[in-house]
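Next come two complexes built around chain A: one with chain B, the other with chain C.
Take a look at the complex of A and B:
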């Protein structure tokens, strides 16, 4: 663009390099230690893994990279039927438990969305499962469901005539149901908490208008509350779905993926593949595959959330 | 406008019904962790009794034998060392980064952010496998340093992410005024912004501690005999013969109790902490 005469030339102060660095480089100087650590613990392992996944690895010659074998590791991974069944199991658990958590969490938040004595304490007690160690949660349920003395097992299920000839973690269907139920118990409070925040922050005006227009409770909920809460719902789905795909701790303690492969999720499968069967090459390939799946889903959802709803 | 159901009697029934429902919801969350605390002080001879024994004199035997004779006190120390060090490192390394993100224009900051958030949410198992191989060749397996580094993958990113939000809420004008009054940027940061962000820093640190304290998969894979944390002890006890449920309940209770206390300290920030700042709460 041509310079116009009226434009006053801006005086550019001459600075020494040091001063310029202080002005422009300062932010990066503050940032660099963190980025260095995150590159070291986040990117280096990933690159390392990609390189290894194309090589022949032998646990007897630990720490030495073997010959280049192309896609051999990936091929033998895809030949493993449990790989696909574990993907399916993981998806099943995630897509069953997360919607349940969402609906129950909303119902709870709706129930709590009024004033009552000791509300703060009640809310805190209710959300605690979400911040407890999954390992401790697994122990809790193991004790509650122990045969025959477990509190729930004896006082509820036996009374109902259940689990008299099958054990809960010994039958594929019940084991999977129990894992999902425990996940729901653990994470519904999270949904509840976020919905509470969402409901608490709803604007009053639209509701007054809806009341004036004679909208029914159901209409108000469907056309007003739900759309207003949709950013919250999307954030929670994003966080929880990604989390649910990583489920490991509770299953490791309760069933170790069994009986058979009924509750073997992708993380359990990867763990056993590497640390029980010591198939290091295939495990590297598997780690890369899990990573890529994660990045595809995560990247897509994240950019959608950020662009459309300006979340994060 | 008269509704058929607006009589005072109906209102009372409704209030009681809702109260009862709330009670059920609270009890549903509370009972399992309360029950494990109860089990940890229950004498062994009534532990497995059916019907369930409700009233008994609590005993400390399970705690004494688990943390005394069996030496799980050492694992408690391991858990503490790892969680506290990870948190301290996150504070030292992460605070300047969070400040930088909140206050300056950073080239490609969106991409850097996406990267930071992705290290927080990345599947642990596919980081743990390469960590295991890398650590094996550098002698970092079964060391505090190794496990602390691994825990930084999720905690450092979490800390930066959350603290940036807290810093952003402090008006930049406060710093600018201070700098006009002759403060350097460093002084403005340490004397104005940092004190104002203190509650945020404390909350973020408590969350880091909780995440590290609860973490299992990295600890299982990377921490061997010398740096076994408390959560890692539990599965090995469950899968052996002649399980001592009282002792396991005692260990699990010790895993739970610090969290119960800390939750009350961070309850104001808990929504933000659990949603990574996406929801302010």
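Take a look at the complex of A and C:
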């Protein structure tokens, strides 16, 4: 009878700690400087801010965290009538300007997505608003639109008989419209640039196939271009919405949140509390509330983008 | 008896002895006779002083004098200038974080309690009493009141500063219109009294109405190339809105703090004054709602505003041909009031320089502060390019003060004027005033509603009876 030899698998030799570290821990070790910086400048201040939001802190007097007062800062914040109106104003500006920027930026990119003379120069000029500092943009538009001495106002609009009895930055409706228009002017080129890149990177084969099948320009746009660009569109919407909620410079220079509270956004409100009133406890509570709101809204959007479109 | 033989008398030796004695005597008297800033600053030569200031037009004349101090003393003076709003935030941040970046800071009175009352400002009594530092010619009694009492002096005799600026708001009017025979005749026909700079608010309104004209109409013999407005007012949501409002309230005899220093915004006089003031916008340029005091000045340089309440230092800038079309046409008078028999007054702000509690060079900072407030420097500032502001009684004899029309109303404005309260959290009240006034101006609410909200905010933030705690002067809102 033949003997069968069954080979018992040799146990793996025990890896030494160093080898285990090299295999499993080394990537984290390399990441640790960045993580440390993130902890120091991101996580620690954030946690400290949450702590401050429960304390009575008057920087003018104490300079350090004061007594624990529970939810008093939050109550004080919600008692401020301007808090809720500023949230509304911020949402209105963001949800009006961003879709406009998206549509205009996309339209411009679509138009530019071909060769024509001096295309490079045209693109360079088009993106100028986006590369200017927001404060410079605000001052520029004040010089153009101030009533009654603004350059555009005096030399163009008045001569056309427009805005003669209207103060653009002094009327609630016009001031808000002007802020939105300036924001659209500033950020449409950014959308344009990203969509240009997106359009330039689209695969050609589907278009060739569509041409062979006799698809019209509109059908090509609707059934091919838009779906292929949808990840870009959604990401840009996401990024710009976050940014638009933080709008500050333009409003601070042009209206300081006025007239009344017509253009007071949450950033202007936070600035007042923090740097004019020095109420750091209430400001911290405000920052926590804004964070939670953002987390709820944009967290939801983020998960949707991940699940449905496999973005991020 | 032995005697020491007498030496014969020598006139030469006698003269030498006398001369040596005189020199010795002079040397001992040197501190009293020969104090100089150069000598006083000798121990601090080579040190650096950082000065934080809100930019104002009259700084143009003061900056060279500050540089001269640096050259004389060897102390390196670095001046950083900001807009008023920026400066408040910078000054707050520097003091509250105790960095000591600035040695000297310009202090708005609304920061008096926050800065000086909370120990962020170094009192200067000991420096003032140091014979090595004190200028024998300082003469504090020579300072114009209420600059000393209201801005520099705190409780128990603590001194925070010397006067540095002296801003007052006065009434500006187009003197060429007032002097034009045709305009005078037409005004008299319409209103029944002679055209003259307004002394009362009723006259102020009549003048505003009279000089509001459309493009193409005549004014003082000239055809208007654009619309002309009878009055300039501020309307932007910013601090200058409160200054103008307080000017009107003061002239109306309206009080917003009672005799006990408690808020009292909801009263008939405040209501009437506010309604009257807002009604003036009918005769103001369309951009009033977005105009702060600087925007108002820009509008005035265009030459199409007949009158306004403005700061005295702009009176020097309005006559600069490079920036103004309204050169030489404005003159100045005390701010109008409800009745001519009432004392004229105006809004003021002295913006003194204070030494930071965290400064590492307080002695050098003191020397600069003292030098800027000296009789000689004040006179030179007034006489120099861009002119200056009088801080002392002795400066009132300087020719420019005697000749320029703005100084007389400046002095009368100081007598009964108001300035920002110095209590903690006043800024919240100020913001509330600007929000509610601008909300009312655009028609979103009534004046009554606005005053109710302002009163509620005032009660919330002002728990004390003293609107300028820590300072010994009379509550200027009630005097």
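Definition applied: the second predicted complex is superposed on the first by the 257 of 312 C-alpha atoms of A that agree within 3 Å, B and C clash if a C-alpha of one lies under 4 Å from a C-alpha of the other, contacts with A are read in each partner's own complex, and residues count from 1 in each chain.
Keep in mind that, in the parts below, a contact is a pair of C-beta atoms (placed from the backbone, for glycine too) under 8 Å apart; a residue touches a chain by one contact, two chains touch by 3 or more.
Only a predicted model underlies this, so the values are computations on that prediction, with no experimental measurement involved.
J.: Taking the superposition as given, does A:146 touch the first partner, chain B, the second, chain C, both, or neither?
T.: both
J.: By the touch definition at the top of the document, which applies to A:267: first (chain B), second (chain C), both, or neither?
T.: A:267 sits against chain B, while chain C stays out of touch.
J.: Report the partner of chain A that touches more of its residues: chain B or chain C.
T.: The partner with more contacted residues on chain A is B.
J.: Which partner does A:166 contact after superposing on A: first (chain B), second (chain C), both, neither?
T.: A:166 sits against chain C, while chain B stays out of touch.
J.: With the two structures laid over each other on chain A, which partner does A:125 touch: chain B (first), chain C (second), both, or neither?
T.: first
J.: Just checking: does A:197 make contact with chain B only, chain C only, both, or neither of them? Give me first, second, both or neither.
T.: Once the two structures are laid over each other on A, A:197 reaches chain B alone.
J.: Looking at A:94 after the superposition, I want to know if it touches chain B, chain C, both of them or none. Which is it: first, second, both, neither?
T.: A:94 sits against neither chain B nor chain C.
J.: Identify the partner contact of A:275: answer first if only chain B is touched, second if only chain C is, both if each is, neither if none is.
T.: both
J.: With both complexes superposed on chain A, which partner does A:82 reach: first (chain B), second (chain C), both or neither?
T.: In the superposition, A:82 contacts chain C only.
J.: Jot down the residues of chain A that show up as touching in both complexes, chain B in one and chain C in the other.
T.: Of chain A, residues 63, 146, 148-149, 275 contact chain B in one complex and chain C in the other.
J.: Show which residues of chain A lie in contact with chain C when the two form their complex.
T.: 59-61, 63, 82, 146-149, 164-172, 255-262, 272, 275-278
J.: So in the complex, which bits of chain B are touching chain A?
T.: Of all residues in chain B, those touching chain A are 18-19, 21-22, 25-26, 28-30, 32-33, 35-36, 39, 47-52, 93-94, 96-97, 99-101, 103-106, 112-119, 121-127, 129-134, 136-137, 149-150, 152-153, 156-157, 160, 185, 210, 213-214, 216-217, 220-221, 231, 234-235, 238, 245, 248-249, 252, 255-256, 259-260, 263-264, 267, 270-271, 274-281.
J.: Give the list of chain A residues in touch with chain B in this complex.
T.: Checking each residue of chain A against chain B gives 26-28, 30-31, 33-35, 37-38, 40-42, 44-46, 48-49, 52, 62-63, 108, 111-112, 114, 116, 120, 122-144, 146, 148-149, 151, 154-155, 185, 189-190, 193-194, 196-198, 232, 235-236, 239, 242-243, 245-246, 248-249, 252-253, 266-267, 270-271, 274-275, 280, 283-284, 286-288, 290-291, 294-295, 298-299, 302, 311-312.
J.: Which stretch or stretches of chain C touch chain A in the complex?
T.: The contact residues of chain C facing chain A are 88-89, 92-93, 96-98, 114, 118, 120, 235-238, 285-291, 295, 298-299, 302, 424-425, 427-428, 431, 434-436, 438-439, 441-442, 444.
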